[in-house]
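Labels run A, B, C, D, E and F following the written order; every chain starts at residue 1.
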Amino acid sequence: MKPELVTKLTQQLGRYNVNDIHADTVMQHRLPNRESISQVCDLFLSVLFPGFFNAVQVGRADLSSYSRKNLYEIDYILCEQICLARRYDCSSHGDELPSDLVDNTKGILEAFFERLPEVGKLISTDVKAAFDNDPAACSHEDIILSYPCIMAIGIYRVAHELYKLDIPLIPRIMTEIAHSNTGIDIHPGATIDESFFIDHGTGVVIGETCIIGKHCVLYHGVTLGAFNPLFRNEEGELPRGQSNKRHPTLEDHVVVYPGATILGGDTLIGHHSVIGGNVWLTKSVEANSVVTIEDPKLNVKTRNKKK
Amino acid sequence: MKPELVTKLTQQLGRYNVNDIHADTVMQHRLPNRESISQVCDLFLSVLFPGFFNAVQVGRADLSSYSRKNLYEIDYILCEQICLARRYDCSSHGDELPSDLVDNTKGILEAFFERLPEVGKLISTDVKAAFDNDPAACSHEDIILSYPCIMAIGIYRVAHELYKLDIPLIPRIMTEIAHSNTGIDIHPGATIDESFFIDHGTGVVIGETCIIGKHCVLYHGVTLGAFNPLFRNEEGELPRGQSNKRHPTLEDHVVVYPGATILGGDTLIGHHSVIGGNVWLTKSVEANSVVTIEDPKLNVKTRNKKK
Amino acid sequence: MKPELVTKLTQQLGRYNVNDIHADTVMQHRLPNRESISQVCDLFLSVLFPGFFNAVQVGRADLSSYSRKNLYEIDYILCEQICLARRYDCSSHGDELPSDLVDNTKGILEAFFERLPEVGKLISTDVKAAFDNDPAACSHEDIILSYPCIMAIGIYRVAHELYKLDIPLIPRIMTEIAHSNTGIDIHPGATIDESFFIDHGTGVVIGETCIIGKHCVLYHGVTLGAFNPLFRNEEGELPRGQSNKRHPTLEDHVVVYPGATILGGDTLIGHHSVIGGNVWLTKSVEANSVVTIEDPKLNVKTRNKKK
Amino acid sequence: MKPELVTKLTQQLGRYNVNDIHADTVMQHRLPNRESISQVCDLFLSVLFPGFFNAVQVGRADLSSYSRKNLYEIDYILCEQICLARRYDCSSHGDELPSDLVDNTKGILEAFFERLPEVGKLISTDVKAAFDNDPAACSHEDIILSYPCIMAIGIYRVAHELYKLDIPLIPRIMTEIAHSNTGIDIHPGATIDESFFIDHGTGVVIGETCIIGKHCVLYHGVTLGAFNPLFRNEEGELPRGQSNKRHPTLEDHVVVYPGATILGGDTLIGHHSVIGGNVWLTKSVEANSVVTIEDPKLNVKTRNKKK
Amino acid sequence: MKPELVTKLTQQLGRYNVNDIHADTVMQHRLPNRESISQVCDLFLSVLFPGFFNAVQVGRADLSSYSRKNLYEIDYILCEQICLARRYDCSSHGDELPSDLVDNTKGILEAFFERLPEVGKLISTDVKAAFDNDPAACSHEDIILSYPCIMAIGIYRVAHELYKLDIPLIPRIMTEIAHSNTGIDIHPGATIDESFFIDHGTGVVIGETCIIGKHCVLYHGVTLGAFNPLFRNEEGELPRGQSNKRHPTLEDHVVVYPGATILGGDTLIGHHSVIGGNVWLTKSVEANSVVTIEDPKLNVKTRNKKK
Amino acid sequence: MKPELVTKLTQQLGRYNVNDIHADTVMQHRLPNRESISQVCDLFLSVLFPGFFNAVQVGRADLSSYSRKNLYEIDYILCEQICLARRYDCSSHGDELPSDLVDNTKGILEAFFERLPEVGKLISTDVKAAFDNDPAACSHEDIILSYPCIMAIGIYRVAHELYKLDIPLIPRIMTEIAHSNTGIDIHPGATIDESFFIDHGTGVVIGETCIIGKHCVLYHGVTLGAFNPLFRNEEGELPRGQSNKRHPTLEDHVVVYPGATILGGDTLIGHHSVIGGNVWLTKSVEANSVVTIEDPKLNVKTRNKKK
């Protein structure tokens, strides 16, 4: 490669940013990065399900020291990544950085870790829900070892706690790592109650302002989305974040079959309802509803065999 | 993080299991783990397609010693993982563990390896099928290097042999590893004949009791599923496993276009049939059928441009 | 494992190839491999978005030397992989290999790198497009860190340049690596203009001969495919490659909602059109069209609760 | 390789053990292993000298959480390795294994960690001693980064605490890891007081029953050894371990120059003595002695140049 | 770095070779490399002492399959490295390469592996010899885990078999890897009988044409060297290799204490002799001799304390 | 481990530093680290001897791009490490840091790289010198692959250039990495002319102010040291660094046999001299001298065999 070309490339590449103020910020500070956060996700899975994901033997007597070392490693890496995210967030918004950023972040992490036992209990209900709903499952262990929803929902539940504590950037990176591994895309802002099961999962999308009750089941390819993400506010800007309820609400015991699409912030699916495969639903339905597509007319012809 | 909090967390996390008897078992014994089984999957791909997946040069003269060392590494890791899986399975069911677990497992593996040449031949027919069906493919090598179905079907074919030998846990972990990498979710219990092609593949689901004939083609987003997984037997429990035929049968030379859904254990698609995109099919069709949706009425309006 | 069995296996496995002439070639020469090309993809992301994907701090002053070293590493690995691909391609087609393969390849790479600043600019427009279209996005940095379309489109844009230079095998392996990580399957032959956004992305398929204009938006599960890939030419063979326009064209500012399918090489979607969710479209529509499915009749019944 | 040969080799190799009872034990239980203990040594160095040995930045505010996570990782790995060592030791001696092996080991580790601050202080005195004695040293940091004695003495000081707690096998493996890296061979049983410096270090040997006072300095190639390790006791067996004082004693402020050899358990070097290079000493000397070799007669001839 | 400088450097560096014909050869062919041979050394240690060097548990039942997979991995890597070494050796000497290089090499390896059980037995005698001679050793396991001579002698014994089969380059790289790890430098050409022990070991040098009998013991810093390596033959060239006996012979049961130097091809140390520390010996001694330095006159003065 | 103990340990460990001002500095800034510098050493060896140390094939045509990428990686890592070292050095000395630290460092590196071709030529003379002096060497390639002096002298020659440019900390870490791998301890401040050979090498020490001429040869265990490093200046401090000539000078064509010790800054060994094994020399000798120990009186007794 000709040296002049490399020089030109190094001058022109990496200028990804359309906003020059941000460009300064990126270069001066480190950003959080996917590699470290991916490591944190692995550690959470090791703490939640010790012995299932890597080759180490965890004898009973050692369980507490195994988890303790993993928790301290989470604490160390996550604290650093959150500090980087907050520093970046402040400087990109022109906000003042707390002078005690590290201690302040440690306080937030303390609050987060206080929530972790509750998160662990919720995930236990998800494992049980998978077993109760899938006739192909042989045992709870089978589910933890080979069902993608456990990773997707587990990481979502952890990320959701960070989201509620207003941590920037990190929660989304966490759920996107789960999305990349499972094809299940859950926004960390979604609110999901206990005993949640997603079967197969590829192509599931659950938006930021969804609310999902207890004992709901989704199949692969289900979208819980915004009716029209392209409406702008009066300034011509998109209203961003949780304040703008754009995604539907599912009450308890709702089942949604493969490929169904439910849209809109006011759309409420009443408890014990069943939404059939491929249904396209933009309005609320009452409790105990069964919604199916009127059988689409199928044309069945005999094939012309000359091929 | 306050020490008391960590102590509390280590006491409360990792208690994922709703069944206390199992909890004992998990802690006392090692489980099979995803990391080791993922390594086994890589080794199978190296044996089936030497030289395609990693950077090592395999000269012709060395091919046999390359494969031999990989086979012995598979033998070693897989034997250990299967022993762990069987031991776990026995203790969780309260069954007695064979006193000669390792030797007994080696016997099973011997039977499995006897089947491997046949598996290799089937996978060769899959490569050829991909080439014959995709106009974007340039060569067989192109397909092995860049078509996700080769990994998904290849690992399924290996896992299916283990499934037929009643190995617990491992086959499902293997196909889930392929699912995570390709978005193609094939249950190891499915029965799939030669020359099988899946194009693109993301979102394909093939259930445990599917039977698929020779020369079938699926596109992405196709579901071959259970009609209603929520029916319970009289005891209110789900009948589990292969004995309960819940998924459809495809005879030879069936093509199913993107997004189609075929459901039910009694649903049989006759040979040389073509199922169109997005079709939702819950009944059998005769051989040589062409099934399409009656063109859905499309509303085409001119857009209001004031946005 | 009995020694005779291993000997039998090593004789029979790895004979994947239906075409014996090719088998010779594979064994004698190295092929390009996924491991090395995956490394190249990571390096491109590091050059395009320095500091976002790995843990290294990139101080402002060092940016150019950081990018320079990464560019030379790309140059080195990619040159080797392309030489392997070209040598393989020549021998499998019976073509003569250029005597100056390495120098000739370096010339091609030079041309490729000349295009890279332009590619970088296009990707910047994609980042901006994501921010402008998704109300859940907080900042450009948020998008680079946690939107799968950035990896999928970024790697596609790089691979497309190699595709245009007639490099065999490599471009498809690159986009398949992105597909495996994101569920977004873009053929490197597709032609995509600036400011392109894909939301969520799982299950998106964009075919080899697609043409997509500026400022288009796709949601997850959208297929831009061939009408019928099974038509054969008069010799009974599939016409392969770009010469055969089989996939649709989208003009500027087209939005396609989740699950929509647009098929056929003559299908043209006029600018500023909106294609609704799940629409199945095989004909052209004029500019400013809004195409939706006529509301499918939904059956809403009250559920029989005795379950 | 012919299969019969491999079978023969697998039957005959690994039977390293001359003692058949031990052979059983080795096969049934895991042994501690060098890989894990090497990892523990690295972690101790990270805790004792945070920021000096690996690439991670340790900001001041994070120092405590960085050390905490490393301490818990040491605790976890070391506990496992010590349990393995003790179990092995018991079964090879026919002793009964404590029923509460893990808890008992945790108690021992607690005692060990209580000693660690004292160990840290001693190592600080060693750093200072190196600076005070070597005119080539620029700063304390220079010494920690580039003097092999810091690793050798640091790991010895840690291993010595484990030795005093009667942990079998592990302490020797630790100091041998340091020996391999530095050429300095200190037996973990040796007793070494504060402010100890070894310059260059290659070839230094310090035996199990040595006693070394404060502020001593050794150069490379110094041996503090046993007078005659081949004397047997009446049963014709070697008396083993610390009970048999076989190595010399150095009082405070002793300097020993390169290549000197001091032998014997009754040999005592009085304080403030200097032992010259290459001296071979088997008897005690009083305090303040300067011991040198009478200048060996050197023959100096002019060289015959016809070579 | 200025591009022109890099260009200059890439033109000038790597031209290490003073012999232009060789330079061609190096560039055209691969050489064997230290990384791969280091891996082979680790595998030999795993086969000779299963369970001692890495973290894997080897249950009794699995020992044979563990060793079998390791042997095949040795076979694969070593075959490749030997082929590279032989090809290089031929082309640098202008010899013709055997047309069946790989098969011919496999034949050599077969002969090598036939010798391996004998090598294993010799190494067992070395372990026992260490236990019998060192009062600080607690058990045979202690010795395997923490005595550097086990690695140094073990790798020497393997390399010596390759040396006897006239394999170029590889044996020396193997013993140099052991030298780097232990400070013990044994030339693979040396002939060493059973039950050989080296204590501490740093600085030991054993030359190419040494012959060492049974039950010999060396301490650290012992040199068994050539009397004068600088004598030239009539052509002014050094006679190279084994044909030129330049290093001493030790009969059975010889003990050599630290720092002793024994030189010359005709120097023979009779059986049961003891050579004292620091002795410089260039002539033969009869059996049962005890050779010590006449006590060097030591000057012992009282130190001038004004420092 | 009890939480209070961990808290206590984290408060007390890592306070290694006896100088509180420095302690502040360490915590606030990153230090250079061994891991990164070890990587730089590997890269230099790859640039100086492409193809010898790792498994990558370097075809002739690719040599320049292989070296170019390695040079840029050296440039990147070394620049960062030098900046860290200089920043640390300034703050620990209270000096002002240059405002253009990075650019200034790049200038220094430019000067360093300008010297590299000269360094490469010197190292070529060292390879040739090893071949000319060791009858056990088969070829230049044999020497590069298996002689420790190549790594030790090669890294010294690179480090010496950095030392001459007043880079703090880094050069010593580099030569200490070589020392750890080879047992050869060369201070980067020493001045060594072309064609330098060290045989075996373990235990060699070459001090900071040594001057060594062309075509010198050292054997293992040779010390070129300071006469008395413990003399203090009037302030009771050690005079530090190069200004204080403390180590000997060897003119051209000097050979020093194993275990010899040459001390003192005024000691000059005239050209073509030979210093015998174990000689202890503290005075100058004229050119063409042959210095040996007068044969030490050896006591040869017959052994008392009753043992």
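Quick note on the criterion: a residue touches a chain if its C-beta (ideal position, glycine included) is under 8 Å from a C-beta of that chain, and two chains touch if they have at least 3 such contacts.
If you're wondering where the values come from, they're calculated on a predicted model, not measured in any experiment.
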| item | value |
| --- | --- |
| Farthest-lying chain, centroid of Cα atoms versus that of chain B | F |
| Between C-F and B-C, the pair with more C-beta contacts | B-C |
| Inter-centroid spacing, chain D versus chain C (mean Cα positions, whole Å) | 57 |
| Inter-chain centre distance, chain A versus chain B - centres from mean C-alpha coordinates, in Å | 24 |
| Where chain F touches two or more other chains, by residue | 1, 6, 59, 65, 68, 72, 75, 106, 183, 202-203, 221, 230, 259, 278, 293, 296 |
| Contact footprint of chain F on chain B as seen in their complex | 3-4, 6-7 |
| Footprint of chain B on chain A - complex, ascending | 47-55, 57-60, 63-65, 67-68, 71-72, 75, 106, 109-110, 113-114, 116-117, 120, 123-124, 127-128, 132-142, 144-148, 181-183, 199-200, 202-203, 220-221, 230, 232, 255, 258-259, 277-278, 293, 295-303, 305 |
| In the complex with chain A, residue positions of chain D that touch it | 59, 61-62, 65-66, 68-69, 72-73, 75-76, 79-80, 102-103, 106 |
| Chain B contact footprint on chain C (complex, rising order) | 1-2, 5-6, 8-19, 22, 24, 26-28, 30-36, 88, 92, 168-169, 172-173, 175-176, 179-180, 183, 185, 187, 189, 202-203, 205, 207-208, 221, 223, 225-226, 229-230, 238-241, 244, 246, 259, 261, 263, 272-274, 278-281, 285-286, 288-294, 296, 307 |
